[in-house]
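Take a look at the structures listed below.
What follows is chain A paired twice: with chain B in the first complex and chain C in the second.
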Partner chain A sequence: MSTRNRLVVLFASLVAFAVLPIFLKTYGVYLMTLFCVYLMATMGLNLTVGYAGQMSLGQAAFFGIGAYHAAILLTLGWPFFVVLPIAAVACFAAGLALGFPALRVQHHYLAFATLGFNVLVYLVMRNEEKLTGGTFGIANIPRPSLVGFSLDKPLPFFYFTFAATILLALALWWLLRSPWGRAFAALRDNPIRAESLGVNITAYTLLAFAIGAACAGIGGVYFATLVNFVEPAPFHVTASLTMLLAVIVGGSGRFFGPMLGTVVVVLLPEWLRFMQNWYLAVFGFAVVALMIWLPGGLLSIPERFKAKGAAE
Partner chain B sequence: MSARTGFLEVKDVRKAYGAIKAVDGVSFAVGPGEIVGVIGPNGSGKTTLFNSILGQIKPTSGGVEFCGEDITGMSPLALARRGIGRTFQTLQVFVKLSVRDNLIVAAQEFKGTLAGRLLAKPDAGLGEHADRTIEMFRLKQVAHLPAGSLSYGQQKLIDIAMAFMAAPRLVLLDEPCAGVNPSLVEQLRELLVELNGTQGGSFVVIEHNMDFIMGLCPHVICMVEGKVLAEGPPATVQSNRQVLEAYLGN
Partner chain C sequence: MGDLVQLVVSGTATGAIYALAALGFTLLWQAAGTINFAQGEFVMVPAFVMLFFMSFVGVPLWLAFLLTCAVSMLFLGYGFKRGIVDPLIRHGVIPLVIATLGLSIGLKQLVKAGYSAEAHPFPNPFPDGQFALGNLHVSYADVGTLCFAGLIVISLQMFLNRTVTGRAMQAVAQNTDAAKVLGIDVRRMVLYTFLINAFLAAVAALLVAPTYLAKFDMGDSIGQKAFFAAIIGGFNQTRGALLGGVLIGILENVVGFYVSPAYKEGVALMLFLAVILFRPEGLLGKAEERKV
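Moving on to the complex of A and B:
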């Protein structure tokens, strides 16, 4: 596809995505907003995992840290646009704090270190009742208003979240095109060579990890305001696995990979709900099949066809 | 020897793995702008010597000085910042990055600060420099392809070109000709001579290809079983009886 065609497809998808919720019921609009919220976290995870080559099974912990920041501070009456950067910075800092010890190890060891972190954060959310409300959670989280315009209704809040997702995607696009993006890729492809070429691999690894965490934190703030209620369950390790799955299913290290992957993990289970008790099994089977036949993710399908065409 | 002191000095470097002495008291010096060849049979300790100089492994004893500074055991990053570059024995390119991006990433970290690079132009102001290097290494047709999709010989050229992108003061090349066809070997030799002339850096080259070494290095060191067996102009070293024995057996 030429660059122009790509832009046309991208623009058409964005327009379709913006128009679609007008024709949907409340639950449909909720699901599309949830998609945007998850996408912020998975785009961040794609930076950490796909572009910088680090393993993480703790993205939901950062998502939760962002959500709880929003829940606690917004119910105290703090303004949304003050809480949002605070949550992002807090997650960035938490990413650095976890990264310093954890990034000494690689691959599956790093996976377990981040998984342990997720369990720890989950336990804090569940047990520190005074701060987090424990299993009862924190309710009545207010939605923000934009220059006097209330975002309480599902549709305005969808557009608010959609706009934030696009802004975050643009910021990540710009980051990945900057020399930093190139350094991240170098560190993923060959850290030893990268270091011998003056790439500070410790600094870049930490940055990739912390920026990915900050994206999850931003997603968490929108999540808390979307559902108006937080409790520990959505930030369990299972959610981290789902986010990692979204990145891999879509095509890890591809800019539009998380968009497709998040559709699969957020919306597909809903569409498969008519199968009742069977839907998880069918969903699981589909994922296994995909990983066997398309290890490069859904976005590698066009290349597959091209390679096949060239071979024949 | 006096002309050769004060730039890179390797002093009695030893590296032992248990009872095996991989590098057993090697000393030599390299002067500014000089090209020194290191030859020796397989397993004679050449790469271990390189890795001890370059911070990949810590020598058991001995030291390395660069421009009067003790650089023994420094990290590869610290050495890169001091202007010391290297290539590896095996191919080490960034397979998913384009050829051009491989070259740019090899130099971008030497420009400005970390924060400055976030705000810099996508090519970090190195686009023209990369394009000139691509021209020089005759990689123009493949400049925008992922490095991993190219032939071994082309990847080898990228690998070597990367080491020179930041114009390092000293470059250690570990078997640049391994697996490269004869016509490319000659091209490589010409490129290295040209780079030595334009950038003025010093090179230390490990190589098995004798024609290449003879045509490139005015000074050659022959290592056998972790020790320097002979040192001098290539013709002298090559005709040394002990060197011949080491290569061909008694």
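Moving on to the complex of A and C:
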């Protein structure tokens, strides 16, 4: 596809996505908002996994840290636009603190460090009842209002979240086009060459990881205000795996990979409700099959066909 | 003081089970460069296969265990290697990691949806009760676990160090190309490693299930601790996995008793972070030169 065609397709899908909720019932609007919320976290994860080439299995922990920051501070009456940067910075700092030891060694260490971190964060959420409400969670999280407009209704809140998702996507797009973003890809593709060209591997990987964590934190704030209630369950390690699979299934290291992947992991379970418990089993084995036949993810299908055509 | 000794003894027994899973993990990494994120499920599945043999076929525990070892080696050893690792290993580490993550979810949910989401009691291979040693009370189960795990580990070490096949396997782990030049059948040795891993997992299942019950998600914590144990001890040392496993088992018990049982699960992570901060090659490991 030429660049112009791509822009047309992108614009058309954005418009379709913006118009669609008008015709949907409350649950449909909720799902589309949830998609946006997850997308913020998976776009951040794509930066870590897809562009910087690091495995992270703890994205839901950062998502949860953001959500709990929002829950605690918003119920205390702090304004939304103060809470949002606080949550993002908190996740960024947590990302630095976790990434610093793990990134000094080989990259699969980070996978297990983040996995363990997620378990620990989950334990804190469940056990520190004074702060987090334990398994009862924190209820009645207020939704923000925008210059006098109330965002309490599903549709206005959807547009509010949708706009934030687009802004975050644009910020990441800019980041990836900047010299920083180029350096991320360079150290994924050939770390030794990148280092000899003067890229500080550890600093850049750490930065990519922390920025990815901050994106999850922002997503978490919107999640808390979307459901108005937080409890530990949505931030379990399972959620981290789901997010990672969203990135991989779509095509990691491709800008639109998480979007396709998040559609698969957020909306597909709704369509496959009839399979009930078997859904996750099928999903797990489908991931294995996908890796064997299509290691590049769904977005690599066109290239696969092109390569086949060229070979014949 | 008596409490502490007590905790150390029972912690060592739990740690021995972590060590078995960690040992398989290390062997796979050394010989085949495979990181198996489904290692915990490789322990969970044999536990359920044993339950299946006992309740539906009606065989005694020891026979169920032997049959399960065979099933486990066939599917989780040979099948895992041929079906998942062989096609993926040339794409690098990440697709394999994702595939084993998928396998982990798939196996877990298959057991949950197809069999049961409940925790199932599992017969203890060792007699109940405990005996007194001074003012120290030691349960037969702990002693039995330690002896059985110790026996398996010692026989494995003897096999690796004293037999031609074992030494060939070590050669493959150290340098695949050189081993090939020396006429060692590398593919066969790698296959043996997968079979041993599956066997160790089945043994771990037999030892862990009586205390922790057989449940579809029992592998989550075992798999994690196996990896942490392997890193803490040193990924390129078999002895490291043993030390790491036992260390985690003991510290978990001590922290669970003196600090808070709620944070027991976090101990392995803390130990892991401390080790990679101050001694990234692991307690017993040798620093590896980076390959260019």
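Heads up, the rule we're going with is that the second predicted complex is superposed on the first by the 296 of 312 C-alpha atoms of A that agree within 3 Å, B and C clash if a C-alpha of one lies under 4 Å from a C-alpha of the other, contacts with A are read in each partner's own complex, and residues count from 1 in each chain.
Rule of thumb we're sticking to: contacts are C-beta pairs under 8 Å (C-beta built on N, C-alpha and C of every residue); 3 or more make two chains touch, one makes a residue touch a chain.
Keep in mind the model is a prediction, meaning the values are calculated, not measured.
Participant: By the touch definition at the top of the document, which applies to A:S13: first (chain B), second (chain C), both, or neither?
Facilitator: neither
Participant: For A:T135, using the defined touch cut-off, is the partner it touches chain B, chain C, both, or neither? Pick first, second, both or neither.
Facilitator: neither
Participant: Based on the superposed arrangement, let me know which partner A:S196 touches: chain B (first), chain C (second), both, or neither?
Facilitator: It touches chain B, and chain C stays clear.
Participant: Give one of first, second, both or neither to describe whether A:P101 is in contact with chain B, with chain C, with both, or with none.
Facilitator: second
Participant: Is A:T26 touching anything from chain B or chain C once the two structures are fitted on A? First, second, both or neither.
Facilitator: Neither: A:T26 stays clear of chain B and chain C.
Participant: Where does A:R182 make contact in the superposed view: on chain B (first), on chain C (second), on both, or on neither?
Facilitator: In the superposition, A:R182 touches chain B alone.
Participant: Once chain A of both complexes is superposed, is A:S150 in touch with chain B (first), chain C (second), both, or neither?
Facilitator: neither
Participant: Which partner, chain B or chain C, touches the larger number of chain A residues?
Facilitator: C
Participant: Residues on chain A in contact with chain B in one complex and with chain C in the other?
Facilitator: Correct list for chain A: 192.
Participant: Give the list of chain A residues in touch with chain B in this complex.
Facilitator: On the chain A side, the touching residues are 175, 177-180, 182-183, 185-186, 188-190, 192-201, 203, 253.
Participant: Going by the contact rule set out above, which residues of chain A touch chain C in the complex?
Facilitator: On the chain A side, the touching residues are 53, 55, 57, 101-102, 104-105, 107-109, 111-113, 115-117, 119-120, 123, 126-127, 192, 237, 241, 244-245, 248, 276-288, 290-292, 295.
Participant: Which residues of chain B touch chain A in the complex?
Facilitator: Within the complex, chain B touches chain A at residues 54, 56, 75-77, 79-81, 85-86, 88, 92-97, 101, 104-110, 114, 117-120, 122, 124, 162-163, 165-166.
Participant: Which bits of chain C are touching chain A when the two form their complex?
Facilitator: 35, 37, 84, 87-88, 91, 93-99, 101-110, 112-114, 117, 220, 224, 227-228, 231, 260, 262-263, 265-266, 268-269, 272-273, 276-277, 280, 292
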